[in-house]
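Structure, as structure tokens:
Chains here go by letter, A, B, C and D, matching the order in which they are written, and residues are numbered from 1 within each.
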Amino acid sequence: MIGSGKMEVVKHKEIAHNIYEMTVIGQQVAQMKSPGQFVHIRVSDHSEPLLRRPISIASIDSETLEFTMIYRVDGRGTELLSQKRSGDTIDVLGPLGNGFPVSAAETGQHAWLIGGGIGVPPLYELAKRLTSNGVKVTMILGFQSAQDVFYEEAFKELGETFITTVDGTYGTQGFVTTKMNELPEPPNVYYSCGPKPMLHAVEKALKGTPGYLSFEQRMGCGIGACFACVCPTTEGDGAYVKVCSDGPVFQAGVIA
Amino acid sequence: MIGSGKMEVVKHKEIAHNIYEMTVIGQQVAQMKSPGQFVHIRVSDHSEPLLRRPISIASIDSETLEFTMIYRVDGRGTELLSQKRSGDTIDVLGPLGNGFPVSAAETGQHAWLIGGGIGVPPLYELAKRLTSNGVKVTMILGFQSAQDVFYEEAFKELGETFITTVDGTYGTQGFVTTKMNELPEPPNVYYSCGPKPMLHAVEKALKGTPGYLSFEQRMGCGIGACFACVCPTTEGDGAYVKVCSDGPVFQAGVIA
Amino acid sequence: MSKLAITLPGLELTNPIMPASGCFGFGQEYAKFYDLSVLGAIMIKATTEISRFGNPTPRVAETASGMLNAIGLQNPGLEHVLEHELKWLEQYDVPIIANVAGSEVEDYVHVAREISKAPNVHALELNISCPNVKCGGIAFGTDPVVAGELTRAVKDVSTVPVYVKLSPNVSNIVAIAKAVEAAGADGITMINTLLGMRLDEKTGKPLLANRTGGLSGPAIKPVALRMIYEVYPHVNIPIIGMGGVQNIQDVIDFMSVGAQAVAVGTANFVDPFICPKLIEELPEELDRLGLDSISELVGRAHR
Amino acid sequence: MSKLAITLPGLELTNPIMPASGCFGFGQEYAKFYDLSVLGAIMIKATTEISRFGNPTPRVAETASGMLNAIGLQNPGLEHVLEHELKWLEQYDVPIIANVAGSEVEDYVHVAREISKAPNVHALELNISCPNVKCGGIAFGTDPVVAGELTRAVKDVSTVPVYVKLSPNVSNIVAIAKAVEAAGADGITMINTLLGMRLDEKTGKPLLANRTGGLSGPAIKPVALRMIYEVYPHVNIPIIGMGGVQNIQDVIDFMSVGAQAVAVGTANFVDPFICPKLIEELPEELDRLGLDSISELVGRAHR
């Protein structure tokens, strides 16, 4: 069942340059099962901006019925979102899509969680679930610059966490793959979320290791009806998947 | 000089059914000279709704640089306006147009101020100025129903005030003209603001008495450039005035 | 609810609200939100003879109070639609209007002949107006003669009434409407999307991979109302109106200018419950207007 | 500021920003807000031979991210414009583009001949596309042959370059553009408004007294960009772009699809300072894009 309706903002703050953390409360949280799922948010009551905005679920508290999102102000939709105050309500459709398969990593195994920029948030709930299953997690998180880094401490509590920045102002200078190449041995399984070029680079670097990648695509409906968010698959010949309803998480090797 | 810019909301409350009183502060108030002038308000930062909304100036405090508007929530523009809270800013263009000629009534004379619905607000600043000039004022204010009545007490402090309601739930049942017909002698001068049919009825009932009427018209620019708000005049032959820049107040007999 | 009922060629509608083609897939996704039987009808996604992948992505872009799409008629092809999508839809008590597309007259004719035989397909919607396919499509919709010929060819083979979906990207919408009526169309649906473009702010190049796309949503409502208002007095066949419908006032407006039924497109993406919401609100709205049935609403802007 | 300068037929512009016709009157009102000499040019309100009152009111209606207008070419007539409005504008160092309208070819020719003689009129803008006048107007703009003939007739008498303002309410904008170029047009301005309608919620009848009106504002920007993008590769005369411009990104977008200069219409009503603001922001925006002059921007969406 997909829920849709108003949820109340309970916490909202800027946690890095243009990066906001928003916690909301409502019944839909009861349906949020899988890290990597997303919600589709209507940021205004009228027609401007018109479409919903997809944002990943960064952490879920089923007891308090709260969940948290982390998003970057990027355009007019996220800017309007950033103006919401505690007590305001937002219209949330979700949870949508299929998240990361937590059970793909077994107790005692080692998983890498590789995130880029605003692809980092969904890895947080994933890291919590993996560690509570007894999986060892190592995070490799890439950002543009020192000012963009967020949640480093939170991740560190769950496992070893490496930060890379493109401009070298924090952590290792370079991309997540730069750091990955420095690490001694590959994991049993990896999970990744970030821009497409990063995902493909990660996939290539970890060829042979089972992995799960979360993709982004511009969306219309968010539920599989409009065919806006298709990606051709490696099968070729017109075969495709829809990011919103078949994904956003796919096994490595599926997306062309 | 016409000002344009952000003004801060300092007070805002619902004073009757769907009727809001909003006080804002800012430099533009220094230019507000004449009761009956209006401001043109942008209620959102983006394109929805697109156009500004004309609202009359209901009272001016040149010392604190505050002015007050009273408006009815009528559509999406005024609804958005009603959601502003103290501390928010609104984009105000104005003062615009030509207001009521206060000096048309001389000390010791008697003026009638005849208002209908949301045509009542500009009469308040007018009543204050007239009384401070030693003019005796009598208000005849028409509303739909008891729940729509506002500012009765405020007006009563300035002069005798009669209320009429269409449904008879408060004051005299009927229109402002119903009450006007009951009053013993006509005034030396009258001022009126309200819907066009009311203005024309008032004009007719007070034929021979000098009067000033404030008209409404759908507006584009609000400053005289777009020709949206024209009204043909009694001169005929294509002669017209623009409500926004030639008015909104015109001498009785001018508008056809 | 019978004050909402309306009869159109081939269609006994319990109410005049239906999702517009391409904005509702083949219904499966929305069936997760509500019972599809509440709908007046369903206009399914354009079906072509052979399955199509459509255009590369990005395929959608937002604009002021609107969106552009260049999906490119992605669909699983006639056979699959018949055997899977339409079969699946049989569980619901709702008439299906099958949107038919193609590149050549022969494609349309073939799809129309076959799909009109499906038991739950009560009418065809001839998509002569999709702006996002290279050959065919748009040309059919802008030339009255060609539009008429295609209509006649499809009418000849269809076993159900044929509605023709008009393109707004024309100088003279009345001429096209009259041409398809003369060629035997049983009804008109209008409008399809306006052709538009958005640039990628970062690159300065068209954002959509297809470069141009179809503009839909509230931004186009004034154009849709105007065109229906223009066409209504000139045809004797019913019009199903669409273009930017997102609330009950919009439904009233479309029927007032002359639409007998109203399709909802883009608004499904904004609120998946929009169609049942409108259906629920409509009786109350009629009461407010003092009308006993929706047919009294149709065309009142002209009276 | 010379990185903003651009030369077009008849026009040495210090910058590419100008108010669009009908949205700036004859300048007097905006002169109360800023010095008109900062503008690239001014497109004055349509002038006809005889003064016109225009349409009854209401003449404007708001729509989603747009507005409809049906002013109906209200203007004080050629003689008054020459003797008062244009005279008054002489105090400013800004080229005037005179928007010329009429009902018959003869009207256009007469106004064009006379108004082109005014010393500060550096170009004409032939309004073949106003949707709000009954006879003439719209017909000229939708038929390539008629549009070409009118252009030629006006070119024959005008002492300054002639720009033709295209209507977006056509099936094939490229055909019209090529026709007016072939007929001697020195430039194209596009787009005029899309024909639309809004109903009065209370009465269910058209809100505008004229029933239909021209849609402008951000809602139409995608259509404007698409049309300019389509026309640009097919003509060798410059295009002045317009349609929904309200911020600096819009200016960049219009130039990217091929406009050499950009006109601002409806946005003047929203923010009377919009033109000088855009002019001020433009150099910085060019720096951000790493461009040395605005001409490098023109048409980059095609490269």
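Note that in this section contacts are C-beta pairs under 8 Å (C-beta built on N, C-alpha and C of every residue); 3 or more make two chains touch, one makes a residue touch a chain.
Since this is a predicted model, take the numbers as computed values, not measurements.
Once chain A is removed from consideration, the other chains connect through touching as one piece. Seen from the Cα centre of chain D, the chain whose own Cα centre is farthest off is A. Distance from the chain B centre to the chain C centre is 47 Å, each centre being the mean of its Cα atoms. Chain C and chain D have CA centres that are 34 Å apart.
Once the centre of each chain is set as its mean CA position, chain A and chain B turn out to be 54 Å apart.
Across the assembly, chain D contributes residues 64-66, 217-219 that each touch 2 or more other chains.
Across the assembly, chain A contributes residues 47-48 that each touch 2 or more other chains. Viewed as a contact network, the protein chains are fully connected, with every chain touching every other.
On the chain A side of its complex with chain B, the touching residues are 44, 46-48, 76. Considering their complex, residues 22-25, 28-30, 32-33, 45, 51-54, 57-62, 64-67, 69, 71, 74, 217-219, 246, 266, 268-273 of chain C touch chain A. Residues of chain B that touch chain D in their complex: 1-2, 4, 42, 47-52, 93, 217-232, 238, 240, 245.
Residues of chain D touching chain A in their complex: 64-65. Residues 63-66, 68, 142, 169-172, 194-199, 201, 204-206, 211-212, 215, 217-223, 225-226, 229, 244, 249, 252-253, 256-257, 289, 297, 300-301 of chain D touch chain C in their complex.
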